[in-house]
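Two complexes come next, and they have one chain in common, chain A, joined by chain B in the first and chain C in the second.
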Partner chain A sequence: MKQKAPFLDALLGLVAGVGLIALYAPLLATAALSFFQIVRVRGKLGFAPFSLDPYVALLANGEILAALSTSLVVATMSSLLALVLALMFAFYFVSARRGLGIAMQTMVFLPFLLPPIITGLSLLIAFREIDLGRGLVTIIIAHVVFIVPVVYRTVLVRLQLLGSSLTEASLDLGASRVQTLRYVILPQMRPALISGVLLAFAISFDETLITLFVAGSQTTLPIRLWAMMRVGFVPEINALATLIFLCTAAITFAIGLMQRAGERV
Partner chain B sequence: MNTSLRRDRQDLLRAGLGHALNLGLPLLFVVIPILSFVVVSFWTLQDGQILLIPTLANYRTFFTDGSYLPVYLQTVGLSLQVTLVNVALSTAIALFIFRRTPRMRFLILMSFMLPLFMSYIIKVYSIRSILGQRGLLNEAMLGLGLIDQPIEALLFSRTAIFIALAVLYLPYAILPMYLALDRIPANYLAASADLGATPIQTLRDVVLPLGRPGIAAGAVFTFILTFGDFVTPQMVGGTQGFTFGRIVFSQFGLALNWPLGSALAVILLATTLLAVALAGLSLRREHVR
Partner chain C sequence: MQPLLHLNNVSKRYGAVRVLDGIDITVADNEFLTILGPSGSGKTTILRIIGGFEGIDGGSLMFEGRDLSAVPINRRPFNTVFQDYALFHHMTVAENVGYGLKVRGRPKAEIAKRVAEVLDTVGLGTLGGRYPAQMSGGQRQRVALARAIICEPRLILLDEPLSALDVELRAQMQRFLKSLQRRLGIAFVFITHDQEEAIALSDRIIVVNRGRIEQEGAPEELYRRPRTPFTASFLGDNNLIPGTLAAVDGRLCTVDTAAGLLDATVDGPAPATGSAVLVAVRPEHVRLDADPAAPHGLSAEVADVRFLGANVMIELLNPALPGAVIKVRRLADGSVAGLRPGASVRLRWAADDAALLQMAP
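And now, the complex of A and B:
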């Protein structure tokens, strides 16, 4: 087993501790500021008593809520579309000739490996070439392009783990291709499908850099927040940040647990 | 005979449709857009109109204009710095996780990965609210009497961009590093210890060499992401945070010079591909040795 090395562990622990603080301090500070606002009384700074005012203001902020609903629509549409495409690509990879599968896979992975700025501007130029005006459709296409690799990867790993014997048995027993897919393959892949879609949803919901290129006048939540922050400080942002923080934490742990459960099967 | 022929034809049709969909869609939505921006980088812009006259002028502008090359080099330097610091930090953090019990590993790794799923724009905003001139850090130090004047360098400076980028992209380096360590068979470590190596020797001669793919992957991720980021420098760097990514983005916004923007983006892409190639090369050399 591992050797004891107290000094080494203390040093590594120190770095890890500093890392955790650097990662979480900004988020915790934002959460704290959403409950205790900083006020300036005669030049001196202090914290206002606990209040939920920013949360109330958030509920009344039509711009943020509209952007939030756009983001939810975009994330839902694009993660479901990505799931269908990812399934198709994964089946193609395991059934087609190896060279073709790898060619497909390389193309599919590209947008995720390239810097987002490259993916964003190449889609912007392509959309203009075909005269597709920037809006909800272009945002959804761009998000699908960006998140398909993630879902594809999750789905493919599970599909390869499954092997071909179940499919062959099902076909031998007289099930049609559709029946095999419906009753044999998909149920076996459920954890991968769910965690893939959740992951895709989270990435789409958060996507900023590509969206800035293809959004046009439509604003998703990150774009709206970006525009608001450039103007100045808005207390509602702290409240919203805290809510998103809690939601993502819950979803992430759900994904993590599901992927572990999937591995164990 | 007739039905089997029809079935053959159906199978052929199905296979053809499969190829068309599975190769056509990525071609249409990934490859062609990338090719099209490379093509646009050779076009001419005249009086705000894009003309289909091939030219190298956009690339010449990058080298001769005097405002692009320095920003490019500064951004490469900044990204390399962030990469270096984050690789060092993430190596230590991954080792820390690696030396825990399996149960603890998952929990600690998750807590380092959780910020990865937090809203990017909100993280930038949070970092700014801590670093800012009127941010929490300055106010706290003022309140404690550690400083008399707010430290201006904490916002709208290169230092601020550096800190923000390092914090934002740290998890991207930790994950590949940890995954590389996780693949090391436990009996290698036991063997090393049995043969009399101290923990430090095991670390230096067994663990780190085997973790090299993780270091390379983490370095490449960090470099690509920091080099291409154009929102963080703008949010925390203000006018001083004029990085190469911002210049590229502005050509598609206010400056409205798509051919030049595309040419600069080609240079950005070439730089990231070079980074990937270098990382790959460093791994291959290790194999030969």
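And now, the complex of A and C:
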């Protein structure tokens, strides 16, 4: 039987509640302000009635749409590339000798753990040294570098959980290594692959600092947002922030669903 | 005749630990061979070597006279039933069973036909559309068997496949396995630590202990005529009485023990007289004589009488054999009805029922 401690339960509830409010209040305020703009009426500040005008303005803004499409391309390409790399690293880790595996893993993790400004700066220097012009390609490379660890981690956990017995069973039944990968390993890992890609997509979509170093003339959505803030506040910023928040929340929710599906397999 | 499979002087080590040492095993066509041993004896390693999951560090592995050591798992004409079944949970039962044919590129129609046949063989005719998670332990076991037999291997390896089942289901699966092996005419190599299972199923048993073969033979031979102390005590109950070999006359040996001279018989060459030996005699082979002064045999005092239904188990002590409880199993009939703790009796057995064992060097 679970011991009842009403006072402790109430205290934990209060702390959690305050924490959640502190986390979400700014987001709620931004969302609210995207629907109810602050206006000055006869010298006094007040709220305008409900309106979707900022969203309409957003969709009419060609620069923002261009930035959005750049962001989507970058996030899609880099998360898929990261998936392929992460799978290779994870297979290497489970089959290589322990010391080599850990050395490889450290190298994979470092770009994610280093301060973004260091990762961004070193990428910038590297691209200049090899004379790679800054643009879409450099952004994608940079994103792959720091999202591979996230996908790698998700994929590796699942792979280690699978163990070797299914692979052995498949080989025992006459399958080749490639057939085993295709018919047994990858299907068993599908939830982990999807949630890894989604997580990578969300992180890539939101990344700003490293992207600033390597973007050149390209503009992703967060960079566009940053630029808009610098020249003065417009209501579209609230609308844009709200949209980004909703998309990220939806992806996070989907990841949760995928991980539950993974546990059932 | 050339054996189907021959492990010749195979050794295997993990780092500094020698797990197999000089293992010689032959498997004949159509044979139900059991490798019996306690956990850690190396029996699973033997199976993994045959299956190709482990390499060998010495000796050779031949299949119909061809060297198998360089043949990878997926090219060996054997299939395995794994201890945890290792079913593919994202596939239906029919897809699991048909997997071996699918990866060989057989046409779909042929696969469907063979899967239906094999599912019928294992008694799962209508369950092909289910997923393994929707089946009971016994049914999953049958799926694993079906998956292993569909490619018509020359040999099936079974790694303690019954250990996860409850007692009743286990007995049922034992009968099923035995009849399946007869019908298919495929050699089975079965791994277990359960001696009763080994005796009930096998044509031949190989007893392994600490990476070496202790003894091999038909179940009855191993049970009646153990040659090593390990085999004598691992297979069923046995009374082991230490002594020195006093005299040999053909097969008949006389052993000098602390409790007097005892008779036993030896298989093969007898050890030198004067060497340390054990007399092994089964509890059910010991007869009781109410007259404590009768010639031959061993005098003892009843310590405990346990009624087991059809049988009684009598435990006796002899002051000259401290610490050794002598166990006697008799039918629970009138001859033992009056037996009470404290009674003095004489224990006797036919020399043919007592095996002479050489002490491990």
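Quick note on the criterion: the second predicted complex is superposed on the first by the 248 of 265 C-alpha atoms of A that agree within 3 Å, B and C clash if a C-alpha of one lies under 4 Å from a C-alpha of the other, contacts with A are read in each partner's own complex, and residues count from 1 in each chain.
Simple rule for what comes next: a contact is a pair of C-beta atoms (placed from the backbone, for glycine too) under 8 Å apart; a residue touches a chain by one contact, two chains touch by 3 or more.
Computed from a predicted model, the values in this text were never measured in an experiment.
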{"item": "Fit or clash between chain C and chain B when superposed on chain A", "value": "fit"}
{"item": "Contacts of A:152 with chain B and chain C, given as first, second, both or neither", "value": "neither"}
{"item": "Winner by number of chain A residues touched, once chain B and chain C are compared", "value": "B"}
{"item": "Which superposed partner A:206 touches (first chain B, second chain C, both, neither)", "value": "first"}
{"item": "Chain B versus chain C as contact partner of A:107, first or second or both or neither", "value": "first"}
{"item": "Partner chain in contact with A:248 - chain B first, chain C second, else both or neither", "value": "first"}
{"item": "Chain B versus chain C as contact partner of A:126, first or second or both or neither", "value": "first"}
{"item": "Apex chain A: angle to the C-alpha centres of chain B and chain C, given in degrees as a multiple of 10", "value": "100"}
{"item": "Which of chain B and chain C A:89 touches, first, second, both or neither", "value": "first"}
{"item": "Where chain B and chain C come nearest after superposition, their Cα distance in Å", "value": "8"}
{"item": "On chain A, positions contacted by chain B and by chain C", "value": "none"}
{"item": "For the chain C and chain A complex, residues of the former touching the latter", "value": "51-53, 72-75, 78-80, 82, 84, 86-90, 99-100, 102-104, 147-148, 151"}
{"item": "Of all residues in chain A, those that touch chain B in their complex", "value": "1-5, 8-9, 11-13, 15-16, 19-20, 22-27, 29-30, 33, 38, 45, 85, 88-89, 92, 96, 100, 103-104, 107-108, 110-111, 113-118, 121-126, 129, 141, 144-145, 202, 205-206, 208-209, 212-213, 221-222, 225-226, 229-230, 237, 240-241, 244-245, 248-249, 251-253, 256, 260"}
{"item": "Chain C-facing residues of chain A, complex", "value": "165-166, 168-176, 179, 183-184, 187-188, 265"}
{"item": "Chain B residues touching chain A - in the complex, by the definition given at the top", "value": "18-19, 21-23, 25-27, 29-34, 36-37, 40, 89, 92-93, 95-97, 99, 106, 108, 110-115, 117-123, 125-130, 136, 139, 143, 166-167, 170-171, 174, 186, 189-190, 193, 198-200, 202-203, 224-225, 227-231, 235, 245, 248-249, 252, 258, 261-262, 265, 268-269, 272"}
